[in-house]
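Structure, as structure tokens:
So that you can tell them apart, the chains are marked A, B and C in the order they are listed, and the count of residues begins at 1 in each.
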Amino acid sequence: MATLTTGAPAPPRVAPKPARKRRSWPALIPFIGPALGFYVMFLIIPLIGTIFLSLTDWNGFDFAQIHFVGATNYTALAHDPVFVSALLHTLIFVAVAMVLKTVGSLAAALALNERLPLSTMFRAIYVMPTVISMVVIGVVFDLALSPTLGLLNPLLKAIGLGHATNGLWLDDPHKVLPILILVDVWQNFGIYMLIYISALVAIPDELGEAARVDGASRWQEIRRVTIPMLRSTTGIVMLLSGIDSLKVFATVYVMTRGGPNHASEVLSTWGYSQAFTEDNVGYGSAIMVVLLAIAFVFAFIWLRLFRSKAEDR
Amino acid sequence: MARKHRLPSPGRVTAVLGIYVLMTLVAVSILFPVVWMLYSSIKSNQDILSNVFSLPTSIKTANYHNLFAGGQMPIWLLNSAVITVVSVAGIAILSALAAYGFATFSFRGKEKLFVFCLIGLMIPPQALIVSGFKWMSLFALIGSRWALILTYLGWISFGVLVLRNFFQAVPREIIEAARIDGAGHWRIFSRIMVPLARPSIGTVVVLNFMWVWNDFIYPLVYVNSADRYTIPLGILQYQSRLGVQWGTQMAALSVAAGVPLLVYLIFQRQFIRGILAGSLKG
Amino acid sequence: MRRMTRTGALLAAGTVVVMAMTACGAGTGGQSSGGSLTLLSEWTDGGSATSIQSTIDSWNSANPDHKMSQRSIGNEDFMTASRTAMSGSNPPDVLQFEGFSDTADYAKAGKLVDLTSWWNANKSRFALADSPGVTRACTYQGKVYCVPMSANAQSVLFYNAKLLSDNGIAPPKTYADVVAAGEKLKAKGIIPIALGDKDGWPGAQLWMTFVAQLCGTDTADNAVDRKGSQWTDQCFTQAATQVSDLVKKGFFPSGVVGDDYNAMVSLFESGKAAFISTGSWFIGSWQSAPPPFTVGAEYFPAVAGAAFPDDKVAYGGDVVGIPTGKNQAEAMKFLDYLTSLDQAKVWAKNYYFSAIKGAVAATGPSNIQSLYDQTAQAQDTLGSLDLQLPPAVGQDTLYNAFQSLLGGKSTPAQFTAALEKSANTAQGPSQP
């Protein structure tokens, strides 16, 4: 989040000359060592374990019955129609959710930055969904969207839109993914909104002043001055929100379990059910590794774009 | 704010009204689940089954009584508190140290090592539970709180990223001045950098608190007796495929969400200041 | 900036150290050492949760040297927890699970103790002991690896007696009565049959009800075993057609594939739906939350012309096995205790369909007696097909293809074709 810092318009990059040139390993290790130790021991090693499992046919029952099968799991992916659609759903999910989260959080930040009354209250409320367990959110949304028990259909009916839809929500294979994307956006935009707010605060007011002197309206001022100033923040918001959506699991798992009939299956849920309900830990791990690979590619592309921009300055 | 003194044009009034309507709708959609959960937790099971969204007709504390007197909620709260406090404190200390290392030292391969440290951001936790379980079994840690704490201590990526960026933005002169006074790295770190970074550390603490507190996938596989459950796992004890204990579940969810919500509301100012501070230092 | 006061810092550091030590102290006891036993189960709903706690409490006071501690997880996450725990070196000492393909998987991996001799010595105490539903749940390659706890009836049609009489409908005795009642209710704007198939199994059970009636237990079991019968055989498709006819008649609520079991129960208990077709475990929640109206319960009536009108979907419901581990001897004693008539009476009192003969008759509530007797006397019981099949077939294809059928997105023939294809991939072709 202090990507926050990098995200701010013009934070001074690291001082050009390092403070001390002399070799300082003995002094360095106490600082970096402990964190790296825990990180490698309890995150990287299990990760390597997962990559190893993805090369085996392990069924999850007995480690004596584990066989190395090379890349078989990966070649099998291409012939798995559910994997292909889960991959597609994941990519759609990331693309749409990333754009919506970025636009939504920017809009919210700009609105709150107008310093209208109650802004603080809204700001506090918007961050709340990130704090609440997905279990609660899932139960409420599932019920509220239920055509028979829910609130949404009666609400639409009350405002005269009862016939605008077929009354189905999570049941409708065409609507289920869009709904889940909206829930993901709804749940997470608050954090990105805070990132934007932190960047907005740092934009010197004189810039807007100049635009106003030129007779620009508030909206024109935002469009011509503010938004371009937020470019690097936008980069960070897109990276973090994209990776977030790539990893999306609880939202889908709790609300639809990937259904109906795989209509909302994403890579993380498909990998999970392969590993834990279908006795294919090896195959499930391969799906997780693919997910991870996509995250790397995504981060790499972002890093390229972001680096070149940073050097422009 | 110059714009405040401007005479509002009709266009601006409409725009502001529109913004308010929209913002209120979003806020209502957020508050509704919370409020629903809270009032459902004082309804009886039968009341919820008969009408899930109706307001309670009377206040029933039976659900909370089930949790605290009849159930193990106090133990789960303690477990969650211990695990969260130890892990989050550890994450904050470890990542602050590492971030200082990355921000002030220069060494070969630094950027690569830093990027390596960010891999953690990209891994969905459920991808690691099978191998993590096996790994923890080798140390005979399954069933102990240490299995969870150690796992969470690996979650340093976010803290390192946030705090390194903060430390890098601290003006060099401050550090140089201290150095001239004869301060070593430890002194600079503990006396200057950490106090300066308090808001950013607050951000790291608050967000990690949420993540650790709400995590259920690691407790699900690493814990093997109900008296070591954390709260998100305890909730599962009130869920069932074959029967509904809706009232008790809502009470359990209220407790589970209540703690991080309280932490958030109490630290809200600090938290937001932490985020704002990031840019203000520039 | 304000400086953090030194006392504050010391206080914080102190708290952390104390908590770390607490974690350490409590942590070292984590491994189940010789003295204590552990139980992993999904007994979280009203009746069974109360019952197991009571059994454990009395066991612990009688066996202070071998105290049992349990953990239970009620939803789909149970699978994740139990499989991971069983794959490790320190599995629970007693495991409750759902039998069938899990039994085979655990037994194949050598994770369960062979209970054949125990079962032969004790099975006369169990209802349905020799019915296919129970034997198939626990047998792998001729050996018995688990013991049924319940004699659950699965294809039960519960009805809201008040709602029916208010609408001038007599409790249905035949399938034609059910259909006639449904038409009448539908015309009055009442949902005839509550169903929520988000999790897949409630819908699958409805299909199995018709499979039992139309195909019979043997044919269905042969299809599972890939011995001659195929899922594309006429009767399986016809069973699916029965369901899709009900869908076409509009007997199910809209949103049937998005709502879960809880929502389905809520539809019934709120009086929005007149019938609910589910298993006898539904009764288990009545002790803590009795429905606000009289509920009638009958086995789902057989469709006209069904070849096997008396075949019923029923099985051990939940089964208990002893994982191979260091506390086997004590765990066996616990098994004796758990299945004793005295304990079974406690369970039956809590509305649990205990498999132990005589328990329900002795202490079970009167309104479940007749349903229980019908189940206990059933000869041809079909074990839940979703659990019998390998999970990739039973819990992926079956659930998903059936959702598609319920949602009107595919035909009965497409449903059975998908199932056959998946079974063929997972188990190979069906050979006589």
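One rule holds in what follows: contacts are C-beta pairs under 8 Å (C-beta built on N, C-alpha and C of every residue); 3 or more make two chains touch, one makes a residue touch a chain.
Just so it is clear, the structure is predicted and the values come from calculations on it, not from any experiment.
Chain-to-chain contact here is organised exhaustively, every possible pair of chains being in touch.
Among the pairs A-B and A-C, the greater number of C-beta contacts is found at A-B. In this assembly, the C-alpha centroid of subunit A lies 36 Å from the C-alpha centroid of subunit C.
Subunit B has its Cα centroid 16 Å from the Cα centroid of subunit A.
Among all residues of subunit C, those that touch two or more other chains are 76, 80, 84, 87, 199, 266, 270. Multi-chain contact residues of subunit B (touching two or more other chains): 52, 130, 134. Touching of two or more other chains is recorded for residues 60, 63, 143, 149, 272 of subunit A. Residues of subunit B touching subunit C in their complex: 44-46, 48-52, 81-83, 85-86, 89, 129-130, 133-134, 137, 140-146, 149, 195-196, 198, 216, 220-221, 223-229, 233, 236-246. On subunit C, the positions that touch subunit B within their shared complex are 1, 3-4, 12, 15-16, 19-20, 22-24, 26-28, 30-32, 38, 40, 42, 44-47, 49, 69-77, 80-81, 84-85, 87-90, 92, 199, 201, 261-262, 265-266, 269-271, 279, 281-282, 284-285, 288-292. Touching subunit B in their complex are the following residues of subunit A: 1-15, 18-21, 23-25, 27-28, 30-32, 34-36, 38-39, 41-50, 52-53, 60, 63, 108, 111, 114-116, 121-137, 139-141, 143-144, 149, 151, 186, 194-195, 197-199, 201-202, 205, 209, 212, 218-219, 243, 246-247, 249, 268, 271-272, 275, 281, 285, 288-289, 291-292, 295-296, 299, 303. Across the interface of their complex, subunit C is touched by residues 59-65, 142-143, 145-150, 167-171, 173, 176, 256-257, 259-262, 272-273, 276-280 of subunit A.
Touching subunit A in their complex are the following residues of subunit C: 76, 79-80, 83-84, 86-87, 105-106, 108-111, 191, 198-200, 253-260, 263, 266-267, 270, 272, 390-392, 395-396, 399-401, 403-404, 407, 409.
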